[in-house]
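After this come two complexes, each holding chain A, first together with chain B and then together with chain C.
Take a look at the complex of A and B:
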């Protein structure tokens, strides 16, 4: 005999459980509103394309949230990296070299966020809020508010986010899968992943057990910024133009994706696959609403409601099945 | 006293701002000896052990471990030297599995090509063995989260973890504070077993009767000073309590 309560208990141990339910419910809803359009390959591909840039940012932020910290500066890094790459490429630097330099800069910005947060003890919410405004200000000052276009195409843009086939699939989706797989592997299969969970749950306890807590946090700030930079390059490769306001509000969408995916704001709990699904859920909602011919304004309102409901579900699951005896 | 003590501390002073938490404490632990460390709140017990395990560094004084002068700059260094501590708060992470907790900070790894990964198989088996040895039999799998354990089971897992890594010196901070009578008995038995294996133990507690059952020697701290260092067989629990209560006045009176 199948013990359904026991199965539920087992399923609930996985942070992805909540977002999986939300995905199924929403997909079913959209499929019943627009049955002929929603369940098609082009729809899947456009959702994946939308999810890829957001998803890469979400993975980075989720990894940092599991460490118990926040990063609001990802949206600014997401714009800064391609902007500087565009400047460099347009003045004759090879795009690959420019990209590597700027990804290193992004990683450095993240480390700086981490060092400031850890050394001064101010909340990362504040550090990265400051960094977000600082970088955005620089961007606007440098460009005078005007977008910068990539003058000559480069092979790298096809690698980063080129079309595959004619149905709308892009290499960005592959990058998202690769990034998800790498960080999922690190979390579940390496000592560093164990440290990341432990530091997020209790940095002090982890330190007592010999884990270099401060170092883990600082590195994970770096990872968050690095992923934001990579995602920015993916967006740049798709549009071949970068606007100084690119990525405004992205930090909140990425945090939404991570939270939908089961990451706790308090740290120590979450999943990369869940975060991937969280980002995909957001992208799918956007595509689904367009197909349902809902006015574009409703998208944010809709995501807001989903966020609150999904968080209530996730919290209930964690309280009931994960942290209780 | 032919052999040098396992741990010897001389003239340890530790200040926090204007507060002198330790004012020149001499303290030692012999091999395979159980030392009870007692004293009222604020006596300096926690500060002293935090210096031993490298959380704090002393402002003055010298520490010798196995005859060698040491200066632990981090908990990791003390751990590597063979000093394990079970904190009163147990240092367990609720959201992680029992096996991940046991190996946190020194995870066993194996290589697959150029990639180093967690040896999950070994972690699971070893954790299971530790659970069986320590008598936590209710749990079905070491993959269960620590959140599922009772207070006594947590204490057992924390002690089991410390014992697993072949410590030379095991420090237990209030290990019986929140336990039932039966759970306390089990922890005291663990301490005696550890001693049988040649490990030295520092047992910090407020409960003189618990420490009196297992200790060879009892050291009393008061306001950052050592006020008594007693061979257990030569005192009664009531006398120890009196020393703590009077801050050493009862010693001078007699």
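Take a look at the complex of A and C:
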């Protein structure tokens, strides 16, 4: 008994614990409703495909949330980057160069969010809300509301989101795994990861300990926007068309993913693997409900309930095991 | 400290690039429409009409409508002021209608997107002596109760869905299972289109299952939801989408699954991608609302009424027109000249 409690305590030290429980419970439920359709490789791949763009955005936002800040402009960056790349490629620029330029611009937009937030002391909620509207407005004004199509295919689209095999696996899913691994490594194994946690827990204390708080926050804003841009390019690579409304509402879904994955809104706590699982949970729920032949309109209500329940689990764990320890 | 300065410098440099790119594109975008507007308007406009709709710049469907209204204005020497909220909002639409009334124009052309919200302001306008023509969305109430506008120009959403589904049935095809991908759940126009489709199919084949799918405006979600539905229900043989936001991912996913042409795809509203798909046989048919006509015609009717007292017919339909392979040429011309179909 004592041993199992110890194991539980050990497990609960990980922010992924709550989302893992939710994942297992839901997967079991779906599997028992439609065992023949849910427990298949194509279903797994489909959920991974659905999770890939959302997941990459979620990873970026989660990294920023651990430093205690928010980014609502990710949905707009998600559309801006592929839109500009499409413009550039259609006017003759190589897609690789266009993509690199626009990813740098995305990083720059993130830094700008950070600089404004830190220098003025405005809450990032407001700064990035403004940025979200500003960028969306630019997109609408430039396109007149029309979608922009990539006229000629380019090898890069197969790298970013090409099809592998016949069962529905896409390179987008691999990108998600790579991005998760990289940021997991940074967060858990490098001094920069320690700084990120420290700044999120208390920016003041971190500064007193010699951590360049402002710099860490600003860079993490950049990372969040950069990931949103990469995810946008992934979506674009599959459909080769960008609607100016692409990514509307994505910011809330990504925050949902991060929170499901164990990130605290107040910062200082969270995990990349958890965020990955959070995004996967959202995707799996959508796939599972369709396969379970549930009436389509119930999806949102369902996700709402899962979000609240999973957050309660997370909060309980944090209160019981983490803050006391 | 110097590190901090460096970050700031880099940030400023990058901001510079962003602003440069944005301004560059902005100027390019601004330069384009200028020549089309410049050469006309030789004299002071005879009348001023306000065209107020729920369609803002976010929705490409309205671009030809705006163009149609402006072209008609130029031809007739009338000033047409077009207003629409940036994002779909009844409140914003009502506010725009109120400010249009305050400007005291010679005529108003309005989408009756929400007859309850627009009832009071439009009756006020009509009592003030401003003639009103409804466009795109009518007041659905019977004649005595509805807002006493002169005429309604447009198709109704229900018919768009109904005639599209009827087109399929009239080809003699009996569907096994039908899905309707709806990209904005709860959007009354889209739900009404869906209802038209359902009614047309149920009328002839009451036993065929017809299901609505929430495919969202996100292409990845739309594609995977459709894919999973097809996995769960392999007997599905007909997909309806209610706009390009649904049709694009549906085309893509059918292509990926090797089902193009095998699963029949039909949609409402048209763009280049959809026309190409019709040509290649990947998409069976699409409904065109001929939006340019919805911009152009009400201005003409308003002009005839204000200038000569010619009373327009109660309902001037602009569609629905079902486009299949046989009608591609006309539609191409329409798109080339008006920017949409």
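Operating definition for what follows: the second predicted complex is superposed on the first by the 322 of 325 C-alpha atoms of A that agree within 3 Å, B and C clash if a C-alpha of one lies under 4 Å from a C-alpha of the other, contacts with A are read in each partner's own complex, and residues count from 1 in each chain.
Methods note: contacts are C-beta pairs under 8 Å (C-beta built on N, C-alpha and C of every residue); 3 or more make two chains touch, one makes a residue touch a chain.
Remember, it's a predicted structure, so these values are computed and weren't measured experimentally.
Of the two partner chains placed around the shared chain by superposition, chain C is the only one that A:238 touches, whereas chain B remains out of contact. By the touch criterion defined above, A:209 lies against chain B but remains apart from chain C after alignment on the C-alpha atoms of chain A.
When the two complexes are overlaid on their common chain A, residue A:220 makes contact with neither chain B nor chain C.
When both complexes are overlaid on chain A, the residue A:76 reaches neither chain B nor chain C. Within the superposed three-chain model, A:268 lies in touch with chain B and out of touch with chain C [touch as defined at top]. Contact with neither chain B nor chain C is seen for A:256 once the two complexes are overlaid on the shared chain.
When the two complexes are overlaid on their common chain A, residue A:144 makes contact with chain C while staying clear of chain B. Between chain B and chain C, C touches the greater number of residues of chain A. Judged by the touch definition given at the top, the superposed model places A:196 against neither chain B nor chain C. Of the residues of chain A, those at positions 212 touch chain B in one of the two structures and chain C in the other.
Of all residues in chain A, only 13, 189-191, 193-195, 197-198, 201-202, 205-212, 268-269, 322-325 touch chain B in the complex they form.
Interface of chain B with chain A (complex): residues 55, 74-76, 79, 85, 87, 89, 91-96, 100, 103-107, 109, 116-118, 120, 145, 147-150.
Taken together, the chain C residues at the contact with chain A in this complex read 3-4, 7-8, 10-11, 14-15, 17-18, 21-22, 25-26, 29, 56-63, 86, 185, 211-214, 217-221, 223-225, 227-229, 231-233, 244-245, 248-249, 252, 256, 271-273. Partner chain C is touched in their complex by these residues of chain A: 34, 37, 42-43, 46, 49-50, 52-53, 84, 87, 104-105, 107-109, 111-112, 114-115, 137-138, 140-147, 149, 163, 168, 212, 214-215, 218-219, 235, 238-239, 241, 243-248, 250, 283, 286-287, 290-293, 296-297, 299-300.
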